[in-house]
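What follows is chain A paired twice: with chain B in the first complex and chain C in the second.
And then the complex of A and B:
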């Protein structure tokens, strides 16, 4: 009791001392939390995260491919969650299980189709311009993660098809030197990767990708002469934040 | 459905019919997205004022 009160008596001056010191210090304290908060506030204002208007050049169906890919990913994750909850016996034997299995399969097809269409649009539109290189690179990583995720999905169907794929893929993966760790015949490893680690990775990267796109806005068309904020002497102008 | 897909073989190119159809559909979809008119709302303008 005495120690506790003594400790409290000792602790009090520290607390008040911070207050005193704080009054003498600048208004904005340092530290990584402040730096991160300031950076996020500066780069991700709510107006940019949820804009009500877009530039006129965004009025093209090409810009719809990205958001359709996200919509497909939502269906992939939702149907995959149901499949994981119910198990392979359910998705192989019941009509409802077949239905959700098909939803999962076809939403993955849509995800890849529209991701590639989005990739084509950004490639031929040079979407990495004006400070958007990291956005492009994260997109590339999402593509690679998605391929591995889909591959592990083929391996965990729990049917002869998945066994056939796994046995054939074993040689292919061994030839890359990764077979010692990434063992396609290890169902537990493939299932864990497919339903947990890789989906988390893909989803996290997609969130980062969207935030990157929103923080810089949609890149201007290559031949768009409208450059309102071009710095004097700038050859390209445009948003280069 | 439960049989191998037909394959096309031209020189070094070997592709199944479903994959060939898928690629053609994707190319058609991409071209259509480029040329099809996009429905604009009432507020069409150059809103990219780059704050």
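And then the complex of A and C:
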């Protein structure tokens, strides 16, 4: 990284650089740290992350699905945390445990329903336009990752559903050659994936997705495209893709 | 797709768009409360499914003939697991391929299962203490040639078709079965006590979390499938997308499960591999929609967006 590419080159020297005698050279600007810091500052300012004004077209019911998906995910993680804290067999022997399992179960159902509605909403609004392809792709990865996470959840219920799903799913996984590395019959492996690794993955991806959405803003309506260097709202020459 | 590099300045991007006050945090808080209320109501009213797991003990008690038949086919190396192939063994009964593409074979054996040894002989050999009859039967079986063993087992498996239950023991017509009836009788007794459930989990470690062997053994029997049939869970009943009771299950797997209901997947011997490949292609297509002409243009051709942004267009 060259100094010039570090951005913010006119920043004041670091305080420690004005040490004894005031003769110390200013800290070297640039480098990876500066680049990352400047990029984060530029892309993730608090005003961008938590704006108090939005385009009026955001006042559509379609935009509700994204936020309720996040809300459902919060309850999925919260109820799952309680279930994990109490141990994998707790909910089979305790009515309170079973109730928490039910909360987990229905939160997951809500999460998927809202996520699919959000996905369809974004598809019909072509939400990938104007530089938002990565946002769409991360969203799809979240969807696929969530399916695997939920699948491992069904495998670790320790009941007949788990047994049946494991015995049947093994053939599909084995056919790909992955059965020896992702063994659906191995409770310990599936449990570790379900309560730790996959939820962390989904949560991180959701955070990235939210940051992508907030940093770029909500895409304009299809028939009201962004036209660089053109009159506001002009439809002339504007491409909706 | 926008051409050019770097993000568009937001002020420029929203040029000409009416901006209105919007409270994101309040919206999230309301969404969380509303979602929690719905989830709590559903949990209180509908609960969640929890059909107890099947055990080998319950299997041996409720359907001993099926249990013994399955155990005999395991010992003969004729069961689905014994003939499966990777990742369990080097057979090829369940190996799926597409032309020269055989990922299952390429990956090799990683969860080694020796059906005769792991499901029958090893558990029995651990139960010989104080049981000289069993010890003698095991010795006689081990001493016999593989051809003789298969002869005994094939005759016994054939005779099991007409088996009856007498004093909780599986009885077959007289024949030359060698020590096999003794072995099966002892294994049935062991299973009835619950001992086989534990022995199939046993390895050289104290802690156990890998249920591969007991699940594969259960899966080879008819009892397990009958339980699933009663719960509408078999493949022709949309399989693992369902779950026990009247619950939604993994509804998000509908497209994956759909293929198994349609030809040629319904009869293909490599249906699993084909369906996985189809779903991989479709998932990639979904991922790459922004770059696929035609797919990315459908939202412009079919103006659902007119409903999404109805008020914006009206204004």
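Operating definition for what follows: the second predicted complex is superposed on the first by the 196 of 241 C-alpha atoms of A that agree within 3 Å, B and C clash if a C-alpha of one lies under 4 Å from a C-alpha of the other, contacts with A are read in each partner's own complex, and residues count from 1 in each chain.
Throughout what follows, a contact is a pair of C-beta atoms (placed from the backbone, for glycine too) under 8 Å apart; a residue touches a chain by one contact, two chains touch by 3 or more.
If you're wondering where the values come from, they're calculated on a predicted model, not measured in any experiment.
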After lining up the shared chain so the two structures overlap, which partner does A:149 touch, if you call chain B first and chain C second: first, second, both or neither?
neither
Identify the partner contact of A:212: answer first if only chain B is touched, second if only chain C is, both if each is, neither if none is.
neither
Under the stated touch criterion, which partner chain does A:164 make contact with: chain B (first), chain C (second), both, or neither?
second
Quick one: classify A:74 as touching chain B (first), chain C (second), both or neither.
second
Pick one for A:56: touches chain B only (first), chain C only (second), both, or neither.
both
Between chain B (first) and chain C (second), which, if any, makes contact with A:223: first, second, both or neither?
second
Of the partners chain B and chain C, which touch A:121 in the superposed model: first, second, both, neither?
both
Partner with the higher number of touched chain A residues, chain C or chain B
C
Note: overlapping chain A surface for chain B and chain C spans 53-57, 59-60, 62, 64, 116, 121, 217, 220, 226, 228
Flag every residue of chain B that touches chain A in the complex, lowest number first.
22, 26, 29-30, 32-34, 36, 38, 40, 43-51
So in the complex, which bits of chain A are touching chain C?
43, 48, 50-60, 62, 64, 67-68, 70-72, 74-75, 91-92, 98-99, 101-107, 109-110, 112, 116, 121, 123-126, 128-133, 136-137, 140-141, 143-144, 147, 150-151, 154, 157-169, 171-172, 174-181, 183, 185-189, 191, 215-217, 220-224, 226, 228, 231-233, 240-241
State the interface residues of chain A toward chain B in the complex, per the touch definition above.
47, 53-57, 59-62, 64-65, 113, 116-117, 120-121, 217, 220, 226, 228-229, 239
Counting only contacts in the complex, chain C reaches chain A at residues 1-2, 7-8, 10, 12-25, 27-28, 31-32, 34-36, 38-40, 42-44, 46-54, 86-87, 94, 96, 103-111, 209-212, 215-216, 218-219, 224, 227-228, 231, 233, 235, 239-240, 243-244, 247-248, 250-253, 270, 272-273, 275-276, 283, 286-291, 296-297, 299-300, 302-306, 308-313, 315
